[in-house]
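Presented sequentially are two complexes of chain A, the first with chain B as partner and the second with chain C.
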Partner chain A sequence: MVEYRNQFALIWRHLNKVRWLILSLVFSLLVLLPFVHVYQTYLAAHAYDLLAPGERQLYDVMEALTAPFVDDPAEDLDALKGSTWSGRLFGLKLSDPLAAASQLAAGLTFYSPFLLTALIPLLATLVLGRFYCGWLCPATLLYELNTNLGILLNWFGLRTGMRRFDRRLKYAVLALGLVACTVSGSVLVATVYPPAILGREFYYAAAHGGLGVGALFFLATLLFDLLVSRRAFCRYLCPGGALYSILGRYRVLRIQRDVSACNDCTKCSAICEFDLNPLRDGFGQECNNCTACIAVCPTNALSFRWRVTDIPNQGSGHLSPRYRREQQSQGPTRGEA
Partner chain B sequence: MRRRAFFRFLAIGTLASLAIGRAWAGAQRLGLRYLRPPGALPESEFLSRCIHCGQCGEVCPNRCIKYFGLANGLGSLDTPYIVPREKACILCMKCGDVCPSGAIQPIPRTVEAITQRVRMGRARIDKRLCLSYQGKTCGVCYRACPLPDLALRVGMLEQPEVLDGCIGCGLCERSCIQMPHAIRIIPDLG
Partner chain C sequence: MQRCKLLKCASAVAANNTPFIDREEKARTLCGKCMTIVLTDARVAQVTKLIIVVAMLGWCAPTPAHHVLGRPAYSLNEDSNTPPSMQVEVQIGEYLISYMVFPAFPRPNVPGRINLYAYHLDTDEPLTGKVTFKVREDGWFADSEEEVIGTQLPDDNVYRQGFVFKEDGNYIITAAFEADNTPYLVDFPLPVGNTTPIGLLGVVIAILGAVLLGVSIAQRKRLARAKVRTARQADTLDARSSNDMGEL
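Moving on, here comes the complex of A and B:
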């Protein structure tokens, strides 16, 4: 057997936990920001004495939470605003590339200050692929928890949806969404894009005391995922996922399988949220580098490599007769990636 | 065959979205009286620029910016608006600063810049309703106006008169003690 070395295995294996941590952080920040805004409005009104007891409680909690980070709450709290759809990070404005694309389609004009805000996410996507979907998207957290809920329901003997559709459907959704933007002259894509919806709905709930139309839509996607098809919205329908997949087609950082270590246990393909096939090197442009397959691999056969393309199907792993046969006929070099 | 099915889907979908876009986005309710935030572009241009991110509302220290549901058509869904009677704009100009897409233009917070570039609407007085014109001295709208004697002037018995400097922030309508209100903003959506 060829000696197999995966020197960073320890790091790769734990990335999935780091990912959950980042997802939770982004999500809780999005939940918190609207309350920070409400606190700011109380501050601006100098109205502490006029607040209702509940509002006063909110004021106190937000004051305690934000006090360590700001000197002048009236000014400094504006540093973090918005959501992952479009936001402001300490003076740096960042936007989702889909926002830039759909705004281009809606207005058919180049407004460079806005398009430039999507530049950093765009470059990151070109290098890291569809990483936004796995590492940042606030909806991903809920969708993955939804998947886990489905598994829990399965344990109790309840059946969840396991239908499969064509993954290319989302590219059509993206194309149609952009056409709809052009025709209507309004950025309609924002109304069907879960991270944009969540960013707004959290704000509506905190500041205006109610939810909008988007919340219904998001709830519908959650139910669809649970009842019809696992993780269906992200896999088959999300226009943002489609755009990121296209941009990340030639991403430089990829997960790759080492046949000399793989034992064909199929755990990686079972865990993949996007219905990809790591077991047979089928990552493709839609892999979001979420590292769930790496975390679940018992033999450390999966790892990150700098490459622009996937290795074509390397066949079955080192335990199979076929692999051994080929090993003997081709010499011991095979399998060292 | 699958490719053909895909293109058929695409064609049908395009036609459907054309129809939906025309029907919904164009269906703005005529009776709805609302203002866009200060510095907003003319309506059609505004809609094509706004990415529905909600940041203008999130910086508004007055929480006067609200967001449309389906009341104004699908094109206006989740776009910002102000109903001056409920809460009017205090012209802090933070929304223009934060708007990433230029749908709300950044305008410096000076009297010159604001009077020249902000066009939310214009106040109109109904003299039959206005208390001052009915012989009861009031003048509340003048006290509320952020641009006194540029946008609003009072004469005899505090009778208000709207001037060319009025930009339609709505603070006068917000403060009017008459019901129905005697001074209101006629939106300038461009």
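Moving on, here comes the complex of A and C:
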């Protein structure tokens, strides 16, 4: 086990940086895509001479950004379309499982062409758990930055919220959302689902030059996180997070603690944005495999394993003073026995 | 003896030399004299064709394109039948409303036109009553006072409302009508002239986000330490238990 740990420790320790890079990339793409779309309409209209100065600037910037990657921008840029809620990636149509579930609930019909677009994300969730929340969700980047903003505010003496609620609240939100979809016949869940809101708002900003009420809702979630509890919306209210947690309950790839290398420093539990307890093997279905705990572990005691369930609480880390005390106190007893 | 059939050559050639110029392979000319002439002519012809093509391309280039390579161009004035700058469909109450703006790029002091179509969802009958078009500025701090542009009756099931704006800006067009004793109000966006797609608020948010991202990257270790310290100070770690994982 030690050899296995050491072999991949270097990779796992840097996965959190890779994750930030991917989150930044996804977010940048989400911001960029509506502007790319506007650029494509200008191209299709052969309208450069008709554009206003601001529109020409947009055209020039988009042309400069996309020229290295495409030969025929009007056609080739169609490869990326939509948002993380539902979109097209190089011909592959992908949808958020929540989009599929809410569409199913709203329409009460099994429309397989759309539902199949959620198949790959669904399978990925079954294997990797709630990874979408940690690795792809565009709102996660902003929420994590918001957490950092909270820490910066703490440096300046301003206290931020650390309250705790029942995590099962979000399952109720999911259930209510799906019922609301069924009753209204409309995909209402998307109005309170941050990644869907962001995707919509960026399109509004690019196409209409303004933001919708969803932007205010998202701002409220940021304030909620800042003032009430760290990552509170994701932990307690997000319907997508709830669905991913359920789907990822028996995920195959999960983080586990090597108790023989653990020194009980508590850094893993303290760093966890979702308030989980890696220190006592408490990952559960909420863990999004973000690897923040792995990155912060000083003894490389945390690593990925192929298992469908968590290991039950293994007790104190073997490198901790507490464990040594326990051993010393048990030693004579065992000897006597 | 036969004569070369080329007009410029017309030399007598030996019988075993076929004075036939293959148009596909001009080099097959066998009289020798003729071959030189043919090749020269071919080059001249090619160069001439090239000049004509280039001249035609040069002449064509500045032509406004409406349908180039099968792609429809956008409307260039308010009477164009080509696609509008914006087409919005919205379902409100019992009606499905379609809204279009012409020309594709509305400018200040340039006439434009709104086309509005309203059909009953169940019966598919077009709306027959009057529609009043109003306008107001769009924006968080914009003047919310509305101005009536006009009231229109349908013409071939289309409500056409002309407009001329004096200034650049983002505007909201409100279409108001009454059907089955129910008042309907529908808002549509209308950007005119040089409007920025991002705006001051967007720039401020982007700068704040970039600064925060920069600090998060540059100070990531300090932030992580602070996060750990904060959690320890808040004494929440002991409150967690491995059983409290929110399992269903």
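Here, the second predicted complex is superposed on the first by the 312 of 337 C-alpha atoms of A that agree within 3 Å, B and C clash if a C-alpha of one lies under 4 Å from a C-alpha of the other, contacts with A are read in each partner's own complex, and residues count from 1 in each chain.
Here is the rule we use: contacts are C-beta pairs under 8 Å (C-beta built on N, C-alpha and C of every residue); 3 or more make two chains touch, one makes a residue touch a chain.
Here the structure is a predicted model, which is why all the values come from computation and not from measurement.
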Overlay on chain A: chain C relative to chain B, clash or fit: clash
Partner chain(s) touched by A:Tyr203 [first = chain B, second = chain C, both, neither]: first
Partner chain(s) touched by A:Ala44 [first = chain B, second = chain C, both, neither]: both
First (chain B), second (chain C), both or neither touched by A:Gly54: second
First, second, both or neither for A:Leu123, with chain B first and chain C second: neither
Chain B versus chain C as contact partner of A:Leu21, first or second or both or neither: neither
Which of chain B and chain C A:Val187 touches, first, second, both or neither: first
Touching partner for A:Leu158 - first (chain B), second (chain C), both, neither: neither
Partner chain in contact with A:Arg168 - chain B first, chain C second, else both or neither: both
Residues of chain A that lie at the interface with chain B and also at the interface with chain C: 38, 41, 44-45, 168, 207-208
Residue numbers on chain A that touch chain B, as the complex places them: 33-34, 37-38, 40-41, 44-45, 78, 81-83, 85-88, 93, 95, 99, 102-103, 106-109, 111, 113-114, 117, 168, 172, 175-176, 179-180, 183-188, 190-191, 196, 199-200, 203-204, 207-208, 212-214
List of chain B residues in touch with chain A within their complex: 6, 9-10, 13-14, 17-18, 20-22, 24-26, 44-45, 47-55, 57-63, 66-67, 69-70, 74-79, 94, 98, 100-102
Contact footprint of chain C on chain A as seen in their complex: 20, 24, 35, 38, 41, 44-47, 50-55, 58, 74, 142, 144-145, 147-149, 151-152, 154-155, 162, 164, 166-168, 171, 205-211, 245-246, 249, 266-267, 269-271, 275-277, 279-286, 295-296, 312-313
Touch list for chain C against partner chain A, complex: 64-65, 68, 71-74, 76, 104-105, 107, 138-139, 168, 170, 189, 191, 193-199, 201-202, 209, 212-213, 215-217, 223-224, 226-232, 234, 236-237, 239-248
